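Here's the structure, in structure tokens; my notes come after.
Per-chain numbering from 1; labels A, B, C, D, E and F assigned in written order.
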Amino acid sequence: MTVFRGHVLQSRITDTDNGFIMSKLTHIDKHGKARMVDVTAKEITTREAVAKGSVFMQSATLKALLANEIKKGDVLGVARIAGIMAAKKTCNIIPLCHPLNITSVDIFFEPQIKKRCIDITASVKVSSQTGVEMEALTAVFAAALTIYDMCKAIDKEMTISHIRLVKKTGGKSGTYVRTEAG
Amino acid sequence: MTVFRGHVLQSRITDTDNGFIMSKLTHIDKHGKARMVDVTAKEITTREAVAKGSVFMQSATLKALLANEIKKGDVLGVARIAGIMAAKKTCNIIPLCHPLNITSVDIFFEPQIKKRCIDITASVKVSSQTGVEMEALTAVFAAALTIYDMCKAIDKEMTISHIRLVKKTGGKSGTYVRTEAG
Amino acid sequence: MTVFRGHVLQSRITDTDNGFIMSKLTHIDKHGKARMVDVTAKEITTREAVAKGSVFMQSATLKALLANEIKKGDVLGVARIAGIMAAKKTCNIIPLCHPLNITSVDIFFEPQIKKRCIDITASVKVSSQTGVEMEALTAVFAAALTIYDMCKAIDKEMTISHIRLVKKTGGKSGTYVRTEAG
Amino acid sequence: MTVFRGHVLQSRITDTDNGFIMSKLTHIDKHGKARMVDVTAKEITTREAVAKGSVFMQSATLKALLANEIKKGDVLGVARIAGIMAAKKTCNIIPLCHPLNITSVDIFFEPQIKKRCIDITASVKVSSQTGVEMEALTAVFAAALTIYDMCKAIDKEMTISHIRLVKKTGGKSGTYVRTEAG
Amino acid sequence: MTVFRGHVLQSRITDTDNGFIMSKLTHIDKHGKARMVDVTAKEITTREAVAKGSVFMQSATLKALLANEIKKGDVLGVARIAGIMAAKKTCNIIPLCHPLNITSVDIFFEPQIKKRCIDITASVKVSSQTGVEMEALTAVFAAALTIYDMCKAIDKEMTISHIRLVKKTGGKSGTYVRTEAG
Amino acid sequence: MTVFRGHVLQSRITDTDNGFIMSKLTHIDKHGKARMVDVTAKEITTREAVAKGSVFMQSATLKALLANEIKKGDVLGVARIAGIMAAKKTCNIIPLCHPLNITSVDIFFEPQIKKRCIDITASVKVSSQTGVEMEALTAVFAAALTIYDMCKAIDKEMTISHIRLVKKTGGKSGTYVRTEAG
């Protein structure tokens, strides 16, 4: 009979009186333990990642935003800075991300008047042993939340959706481009 | 004829030789300038905000995640910590947010096997002059991105969607509950 | 027979096809889920915490430190600043700590020449719904690590020990004073 | 004869064989030790601080900045966000500052075409036991450095000057207004 | 007639019903959009930057500071640490700065008794694709503000001035030395 | 007779009327001034550091922790994340540490039931001009404090001890292995 003793699965048990449990939980232990993946031996290459996402809102909100009539200020200008600064803090927000000296961040906004949303695109580059997917996604997330923050006084129903990686280049796995529906 | 001179709209012009432009741009200036809203005189009340969002993935990814077979470790356990810690950093991620001493953060995960997603709910409380909507949304987002980060080796097509405020209590505007479709 | 299915224990399962597992794991779920304890309803009182710890080193290292002959600079002066600044960052280092506006930090060093160590004492105050034990301990730790960092070029065998809470006042549980051996 | 033994002046000596030195250095010790001033017992009042400063530059740089023709983007818009965000981080930049939940930050820019500078004004508010002078000064400084950063490709000779506190209200010491030359 | 529609100038408009505006604002868009300059392809070279600045104060304040009689502690010792630590945080204070692993920071203080000021010099080094001017300037700024903070109880009229880059080596543009008046 | 004039020892005096003091304090100045050691010219090599430490507690606390019955949640799982995230923030906690892009962090826990403690081991890697001893020690410290924080409601007498560097490889000084008593 397997006796589950809570946390034990996430630690090594060395005292002999726990040897019984340890042997049973080896498999679980191997996967249950969080770790920052070791990229020490990986090659330094130029890498880029592009992420996208959308902030949906009421037509009136989008109109006010585009006319720069939101009381908190120039929404997309502030959102862009939020995205750039968040990209630099990614490894402090996502626990297992590696610290990286990113060399470029670019953020675009495309208002989609018929779909009543702002599309956000973030592109991040680095020369490193690991990629910048999380940095690009974090930039989109901070820009989207900033748009939400600045417009929430007039529209609480805004929704942030479709945050996704659309492209990734560099590294051993090569180029990835997400297939997007027309 | 209106002559647009770039940035001028976002600053006060005091030299007399720019008086002409200044008078024209007063309206734009009023809205174009970002600011942290002054909440000094608002009443301190107990406030709560609840936000939700979902991470969609392939069935195999969801299965591996629930079986704790993701190489980077215990996905939801790490994502929960990421959400809690990010809630505390909200004012450093969202430029115009006020710093707040939040008094509670709670994060729930609900795997939706048929919909192939993990639903994330974050609930944040504070006693303050302003609300914690952005803290709850930031917690959801950091948890979602952490799930993405830990599973991206086996599934690059994951999508984070439907990030939204579902409830807000306290403050002058009272209780808000989002109407959600069945 | 108990079937352990990895991470499942730390999330809520809502799909009906997992109802079986959910009912079994309720107890574990209740304890396995990390959360920031809700202190919203607790009373704001003046609280203080005092923590202590020691950095043991070779006699020659201690002598060089006290003679201010360590190449990296004035060791205890820098360690004191490290401790004060770390106390302010406690909630970003310890995942479940509440953000607090501490109102005082004081750090003392007592070289113990016979015991070959520097004793560190940190005292932190706040008016808050929760205590500052972790802030005082974090201050001691950052000061200790800074001493280590500044002396490590001449002494790799230094050891940081006996980090402990020695006193705590304020709050519902009242005053706690650790019984220390003479 | 006074024997100076470096750092000793900044620590308490408790071993008896150092009693001689300790007695001599009491006075120095009292002042040499950095500490965060204890404000626990001070009254919570509404406080405001206003700081000012200027970034001097070449006429051509100022012209390009006002015409929004700087390659890095909308200079004053970005500088304003930098100032607001830095005000929130003051206690992590200035070692002995208290953490505070500031309730308002407002930043104004006044281009002075004849003097060839941008004047920066930052106004910060809080309800707290201590004032926000350092927050206002930090906001001015971060905004000034951001202007420098964004224009440095075309003008390395820029100078940031006259950073000063111009007004302070609230607290036991009451209102302070700096006397400024006409 | 040019119709200015606020923020539109800082985003890309893709819906066809806005095509008219988009074509007009291309030029403005190009410059109005903030971005972190792409340095991915630049060569890694050893770079150094030296910045200077001064804190002016009353004679009595300077005397107290030099006699180490300021209540908050050893002013220049704390200011030096503030400057070193701020240099490491530059990319989190200045929005468009690249994260860099700086390899050296050195800060000097030169009291100028006749001019009644403390001159601050910060020197920063790195091996990188971009320079460290902003890191050196940020170090000076944090050191200057720390001096202000520690002395403000006895002198509210202090002024921080002449913050400037004095030297820069490395990179494609080569060595720059500011011409300073005798 | 040596006249000690407080802080003067930590700054350069340039005014001629202080020349007398300056000459006397050269030696002290050389050592009293904190600085980040210049590693610009050092070779980039792969480096690793391993640190250890222990959290001592009551038997009942250790039992509750291993049975995952601590109210705040899965103690070791949270402590591991705390350690990993703190390793990435080392240069912001330890004033004179260099910022580094660490490439791996691994944290192990070994409950020692007879000794009534949890042994913590942290291993950190980097390719850099300087080592990661402080990163490994900081990871141990944050993990230990998190265990303390999560268990302190049931055991205030916990003690963190024996924090030490056990191994270091890479760099000019080569491999160091601490001699540990059996």
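The rule is simple: contacts are C-beta pairs under 8 Å (C-beta built on N, C-alpha and C of every residue); 3 or more make two chains touch, one makes a residue touch a chain.
Keep in mind that this is a model prediction, so the values were computed, not measured.
The interface formed by A-E recurs in C-D: of the pairs listed in A-B, C-F or C-D, only this one shares over half of its residue-numbered contact pairs with it. Comparing the chain pairs A-F and A-D, the larger number of C-beta pairs in contact belongs to A-F.
Averaged C-alpha coordinates give centres for subunit E and subunit F that are 29 Å from one another. Measuring from the averaged C-alpha position of subunit B to that of subunit F gives a distance of 33 Å. Residue positions of subunit C with contacts to 2 or more other chains are 6-7, 10, 28, 31-35, 37, 68-69, 74, 77-78, 81-82, 85, 89, 92, 95-96, 100-101. Subunit C makes touch with subunit E in their complex at residues 74, 77-78, 81-82, 85. Considering their complex, residues 10, 28, 31-35, 37, 53, 68-74, 77-78, 81-82, 85-86, 89, 92-97, 133-134, 137-138, 141-142, 144-146, 148-150, 152, 156-165, 168, 176, 178 of subunit F touch subunit C.
Touching subunit A in their complex are the following residues of subunit E: 5-8, 10-15, 17-18, 32-40, 91-92, 95-96, 98-101, 128-129. Across the complex, subunit B is touched by residues 46, 65-69, 74-77, 80-81, 84-85, 88-89, 100-114, 118-119, 125-127 of subunit D.
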